[in-house]
Each structure stands twice: as structure tokens, then as C-alpha cells.
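One chain, subunit A, appears in both complexes that follow, with subunit B as partner in the first and subunit C in the second.
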Partner chain A sequence: MRIRFLVIIFLFLLSQQSYSDEGIYYSKVYYSANEAIHKIFPNTDSFLKKEITLDAKTKQEIEKKLGFFITNSKLVFYKVSTKDNLIGYCLVLDEKGKYKPITFMTGITSDLKVKQVVVMVYREKIGSEIRKKRFLKQFINKTKSDGLVVDKDIMGISGATISTWSIASGVKRALVIIGYLI
Partner chain B sequence: MCNVVFKKLLLVGIILMLTTVNSYIFSNPILDRNGPGGRSITAFDRIGQRSIGGYFDTEYVNVLDSDYTSSKSDSSSTFKAHRFILEVSSQVHEDILINSEIEFEYGGYVTNSASGVQKGEIKIEQAWLDYRVSELFVNRVGIILVPFGRVNVLHDSDVREATQRPIYSSYIVPSTWMDTGVGFYGQKDIQDLELGYELYVFNGLADTSGSTADDISLSEGIRKSRPNYKQDNNGSKAIAARVEVSPSLGLNLGMSLYSGNYDDAGKNNLLLTGIDLFYKNGRYETLLEFAKAFIDNDGYSSIPAQMEGGYLEFRSHVLQGYLRKKLPSLSKPVITLFSRLGYVNTDTVLNNTTVRYTLGFNFRPTESVVYKFEISQDDYRQVSETGYKTQFISSVAVGF
Partner chain C sequence: MRFIKTKYFTLIHSWLGVISAIFILSLVLTGIILNNPDNFKSNEIIDDPYQQYPKMTFVFQDNYFIVTRFSLFLSSDLKRFKEISIPFSSKYIIDIVFFKQAYWIGLSNGLLFKMDPNTYSFERILIPDSYELYSVSSNQNQLFITTNQGGYEYKDNAWFQHFINRSPWDFWEFIRSLHTGYLPHVFFKKINTIVSVFLLVIILTGIVIFFKKYRFMIDKNKLFKDNET
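So, the complex of A and B:
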């Protein structure tokens, strides 16, 4: 029995070491959080980082509004200001792409419309077209009342279906979460 | 009792030793071919991120009805273990990638029968090295898919909506069409406009004198003249080029060109020109491809001077919202309806035409798994054959 246990431990160790270098090349960082905020709100002169953990009740209420689940309760968002005037919010989300998470920032104006979406880190070999402006500009001025459904009000990209869905549902999530939190 | 304890201790010792060796190997990449790992087994000491994937399909074909002027007959119902493809790639440097695609067709059963007919096939469809100088200039060398049209490059079973490839992919742009060569491809974005190109030099199509195995013909189009990987039959190189423009999201226009001498003497040229279009508007998609071949046939009177073919396909993705609600555990399930009208004319002078109508649907529980169902009818308006064949075709295809 003990030997079986050791064999399992051994196989576990083996697998850990074998795949320890996974993902080093395909990950591409396009923007840091700081760069993404300045890209979305070029005139900002200050921003305040907030890390929050949604409690079970809040999470449930947001999920009810969304119609789908929130996978991560820990969130990072930024309050963005110019000369002490709040001009918007930026929320960083990791949405699962086909195999790996896509890290992106949704910039939302103070009247809760999407200002811009910026893909910060893309980790897959294919489908990186979703980081291009011509896809992302479809989200500008969308609000939480918009469906953000691929092939309905968001044009999908052939060959990057899951990634397009991931961004669309992520932006929807960002709008509802920010709308709920402020 | 002692014996049992000893065996257990021995086993634990072996395990610990293997773990140590494993740690050593991964902390000390073997860069010397004479180092640990063996003189011949060098794969373990390569640096790079490796991926193994592929796709697989199994088909069911049932001939519902057929009528021929010749004595040809069809087997009425069969399963086909059509393809099992292994793809192995490795990113050996941030800008250098090697990729391969190894196909086992019909179980890879290549033992020749008494009649010399192979029942299956094992072949390399792609094996190339990419070196990215920039987004605009990527050098590719090796066994490369000829960049002609859309289907030849996007030919994976799980990517295509229907089981059957368009009929023009059998005779005019003979998918899967690959060749050995070298070239460049790249992409440039100008605002919303996306431009892409591919340009390669290949050995080229071959119609060898004295052999009927690779003839360009009325009955086979240019399919049989796809080259081998060993030697150029005439030393004259062929050029394949493709330009793709995407002025907006959902609209792609492509132009393809292939030119090369095919005969042993290198005197007769085959020029293949093609256009293609992909348009997506919401859940509706339209796909169009057309190609025309101009063939010099000096001394080869059996080779047609011109061939052409094409198809028009419509698709609609339906019930996405409904399926997501009803099947929440699945990742983006979708049903796609499709219809296609395709034709080939392998001699435009004699008018040797086959028209294929296809109507069907598929279900994708997730993007890379698809269950396909279709009815197709081939309408033969050929020089030596008239009649039709109606088939029900179903398949499962998985990309993994």
C-alpha cells in the first residue's frame, strides 16, 4: 500500500518536473496594468487600485444579474481620476480562452459605458485576433443592458470562437460588477 | 518476510533513484549528444516547448440511390476510419517554430495487397520550420501546404462544417496539396484593414513520362500529379502565391496563383488561378471559391487544356442561446446548418462536368468536437458517364 503511495508521489513529481516549463513562449504580454489604464484614459493623472473579494451573497446577486457564473471572487479594479474628478473605472479580468486565461482590462466611464477594452496578456497559439482594435471597438459605449452576445450584437471571429465569447462575456461581467460595486 | 521487506526497500530505492535522475535531467539540459540520455535518443535533451495534438474522424457513408450509364456500382453502406492525424510542434525559440502533421488514413494500412493497391496511407502532410523575422516576413521551409484557396490550408476535419470537402478540392485544387519548398508569409494591419501574403517556391506538380500513376487527366483532374518529396521531375521550380485582404471584420477576400512546369522536359506549364471570399454577418456565413487551370499540352494530347471548378456555401449557426441554457456544462455548444453547391469541369472544351449538391447540419458540443450529418448528390454530366449518386454521410471529428 505504501509502495503504491510512493509510486503515486513519484509519478506526481515526474509530471510536475516534466511540464514545469509550460507556457513560457506562447504567453505574450501586450500591456501592464499601468499602460492599459493610460491607453484607455490618456488624460488620467491618478488612479487608485482596489482589491476586493466578493462575499458569497454579493457573488450570488451579481451572478443572478449576469445569468452566468463568476469564476473568481477576487477582483482588481482601479478608480481613475483627472484633477480629483472621477472619470471612470478599470477592471482586470482573467477569462478562460480555449485552453488558457486571457487577461484583459475593461475601461468603464463614470456613466457606466465601456470606454475601451484592452487585452493585456494572451497565452494561446491561435486566436490572438481578438486583441485587435477592429474587434475590440465593438464594445465601445456598450452598457450592462446590452446583451453582448456573439453573432448577435458582437461580431465573432471565425477560428477564434471561444476567445470572442470569452471577451464578450468578460466585458458583460465587468459592466455588471462595476455597476453593482459603485 | 525479509525477502518481502527487501523487495519493498529495493523498489523504494529505485523510485528515489529515478526521481533523482529525473531532477538531474530537468535541471541539467543535456546539450552534448554524448551526454546522459544516450547517443541516439536526443529528443529528451532538446530545448523548447513541445506540443502534441491532432485530429481524428470516423465517417459513415450510405449510398441511398444511384444510376450510371456505365457498369459502375457502389457499396451501399460503410463506416470509414478516414483520418487519424498527429501534429507535433516545438517552439525552439521565441521566433522559431517547427510544426508537423502526420496522417494515418484508413488506419494507415499500407501493406500492399496482391493487386498492389494500398488500402491505407501514412504520410507527412506538413513538416516545416518557421523563422519569424517580423510579422511581415516569416520564413517557412520544408513540406508546406500549397497556399491555394481556403480549404487546402484549413482542411482539418474538425474545422470544416461538412464531412465531404468541396468537389473542386478533389480535382482542381487537390486537397490536401503539399510540396517541398521554401518561401515567406506575413501580415500587415493598416487601421482596420488586414493584408496577408504567402509566397513559395516548390518542386511543383509532376506528370512523369511513362508512368500513369501521376497523370493529369480528364478523369482525375490534376489530383494525381501532386508531387513526391524526393525529387523534382524536371528541375524547374513552381511558384505559389496567395494574397488575402480583409477590409473589415468578417470579410476576407483572397487571390491565389500557382505556376509550374509539370512534364519531365520542363516545357509544359500549368497555370492555376483562383479567387475566394469569406463573409460573415452575425450568425450567417458565406464562402465562395473558384479556380481555373490553364495547361500547356504540347505532346500530351490526352491532357485537357483547361479545367475549372468552384463552390458556394452558406452556413447559419443556430440555437446558440437555447443550447447554452439547456446544456450549461458544455462550452459554447452550437448547431450549424449548411448548404453547398459545387462543380468541377475537368475539360472545358469537352465539358466534362460533375455537380455536387450538399445539404446538412452539424452539432458542436464544444468548438473542436463536431457531429456532422449531410445528404449529397453528385450529378455526372461527363464525357463517359452520366447519372447521379445520392448519399447520406455522417461523421464525428475531433481536434485534440
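So, the complex of A and C:
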């Protein structure tokens, strides 16, 4: 029994060690855009993909509202509908984590509230806890007037600090951009 | 005689164990909370910066920055404040300097942000790969940072390394990583939390065992007394 316990501890430490030996970069795809849209809006019948490039003036105005600069002017968003109605929008963003960008989709209802946030691709070894429901559900029903500051409006996750900041500022960015574009 | 000694030792051990269990329990629980500060939400946050646990003040020619546990405030007279919307947690701020018409804000976990003084817009500035940022300093022409990797100067939008940190991994660093779990050693902190949970279980089961045995001992004494009479 004692040996079994020591083996478990040893394997745990070994797994953690190999974790750090593999390096900090890795990439895991959790959802494709199509899957993410259906996860956010399960009753989706159709969606329309739109690719837009923000012009300098629009970018500046959004940045002013947002409080931080937009590094990528090219955006991909989806208009999601059922047979009869437009039910919401989904915006795919790449937010820089500690080293690599985190690709995630923010689902926004037609009355401009967050429906759900889905992490699509995570590219770092540490911090993937941001996919946890208890973190992501905090964004539900948030609007662009909410601060979305970690530690104030949003509770972070220890060990995934920078990733939580990236998701929080990314959701804020999505709300402001969608609010501006429609 | 030998039986009596063991009995007394058991008694002392049990009672001291139960009394200290309460304190150890509080240490374990607060230790877990301090080890994972981001996972616990604070009470309602009041807008007044002086009621948000202010921890740093940075003085510039025209204004002051006040860093609290939850926010960053800007003030010209320390009486009226403007809360700045920040894309990070204020508790990580270690330095704010003014350099080339912008405020540069350094965070302890190795990030550096540049803030436009007119629009209060933030831009993340990439710094050389570092787990920790210790300081940011500037004069008119120089911006200098010190990280766990060494000292760097920002020149023409690039970083130049002035020195490399060659300090050895020592006992103090081990203790620090055990409690802070900074990036290459996150697993130390996880072990600490796991062992704290083990300790919590040991204490609680110990208390249960104590009271069960204590009741048994009382019953046994009662039995002996009944037999004697």
C-alpha cells in the first residue's frame, strides 16, 4: 500500500517534470468554428460568415471606447440565425496569452449580451484551466458597459493569470466591436 | 507501571493534538486560500480608492497614480480620482514610469504595458522571455527593466541585454517557488495545495478518532468502576 502511494507521488512528479520538459509551446484544438457556434447557439439553423477589415478611423474609435489598442484589424464574425430570426453573433478573436495567442469565440445575443465564450485553440502548456466552466460562465449576460476587469468584475484562476486577463479583455473587445459593427 | 506511562502519554498526546488541531486547521485553510488567491472573490468593492487597500502611489509632474488591490486610479490632487480601465489585475503592478510621452506599467508576472496619457489606451509591449519582472526605471532617454533573466534596455523598439542573471538555484528560491509557484515551478505550488488538503483530512479524521476513543475510554472507566462496586 505504501509503495503504491509512493509510486503515485513519483508518477505525479514525473508527469509534472515531463510537462516542463516538453517546453512551453503546444497547441490543442478544442472546437472548430462550426462546432463552437453550435455549442453557443444549439438551435442554430444557419450562419453567415463575414470577414471584415477595420479601417484606421473605425479602429481608432473602437480603441477609444475599449481602452486598449487593437493589434489585428482583420476580423471574422458570424451572423447566427434560426429559420425565422437572427439570434446572435459570434466573433472569433486571437488574444495573446503569455507567449502565444488564444483563439476563442464570443457568442453575443441580438440584444448584445454575452451568451457564451468558447476557447477554440489553446497554445500554451500552462493556463488551459481558462476552459473551465466556472471561469467562462462569469461572462454570461455581460454587456459592453461592464468593466470585465479580473479581480474586480471577474474572478481569475491561479496558475492561469495571464490567460484569464486575455480572455476578459478579449470578451470586452468582442462586445465593443460587435456593438460598433451592427 | 509501563501501562500507566503509555496511558498518560496517549492522554497528553490526544488532548494537545485536539487543542492544536483548531489552530492547524485555520493555518491549513488560510494557507490554501493564500496559495490560490485568484480563486477567491473579494467582498463588495467600494469605488473609493482609499477603501480598496491602496498599496502604491506613483508621483509624476502633473498627476498621481494610486494602485489599489482592485484598480488603478489617476488623480491630479489626491482628492478626485479617475478609475482607469485596465486589461490586467492591478495587484501585479510593480512600477509605473513615464517615458517617451507614455506611461509604462510593469507587472510582476513578466508583462509590460504602455498607456497613452490622453486616451488611456493600453498596448502590451513584448519583453524578452521572463517569468518575473522586478523593476522598470527610466530617465529622459533610457528605459530599463530588470527581470529574472537579467537587465535590459529599450532602444529603437528593441531590447538590449546589459547583464545576465547567473544566480544559482538556492534554498530560498526553492521555498519561494513552493509558495508563489512562479512559472517554471507551478507544480511546487500544486503539491503544496494537495498536501494541505491531505493535512486537512488528517486533522478532521484525527478529531473524529479522538472523540470516538475518548467516549470509549469513558465507557471503559465506567465499566471498571461498575465492576469494582
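Simple rule for what comes next: the second predicted complex is superposed on the first by the 156 of 182 C-alpha atoms of A that agree within 3 Å, B and C clash if a C-alpha of one lies under 4 Å from a C-alpha of the other, contacts with A are read in each partner's own complex, and residues count from 1 in each chain.
Rule of thumb we're sticking to: contacts are C-beta pairs under 8 Å (C-beta built on N, C-alpha and C of every residue); 3 or more make two chains touch, one makes a residue touch a chain.
Model, not experiment: these values are computed from the prediction.
Contacts of A:Asn43 after superposition: neither subunit B nor subunit C is touched. Of the two partner chains, subunit B and subunit C are each touched by A:Ile162.
By the document's definition of touching, of the two partners only subunit C reaches A:Lys64; subunit B does not. With both structures placed on the common chain, the touch criterion links A:Asn85 to neither subunit B nor subunit C. Shared-chain residue A:Ser145: touches no atom of subunit B or subunit C.
Of the two partner chains, subunit B is the only one that A:Lys133 touches; subunit C does not reach it. Residue overlap on subunit A between its contacts with subunit B in one complex and with subunit C in the other: 13, 17, 20, 98, 149-152, 155-159, 161-162, 165. Every residue of subunit A that touches subunit C in the complex is listed here, in rising order: 13, 16-17, 19-20, 63-64, 66-69, 96, 98-99, 126, 147, 149-152, 155-159, 161-162, 164-165, 168-169, 172. Every residue of subunit C that touches subunit A in the complex is listed here, in rising order: 35-42, 45, 69-71, 84-92, 109-111, 119-124, 129, 181, 183-184, 186-187, 189-191.
By the touch criterion stated above, subunit B contacts subunit A in their complex at residues 8, 11-12, 15, 18-19, 22-23, 26, 49, 51, 91, 94, 154, 159, 189, 192, 194, 248-250, 278, 280-283, 285, 317, 320-321, 331-332, 367. On the side of subunit A, the complex with subunit B involves touching residues 2-3, 6-7, 10, 13-14, 17-18, 20-26, 98, 125, 132-135, 138, 149-152, 155-159, 161-162, 165.
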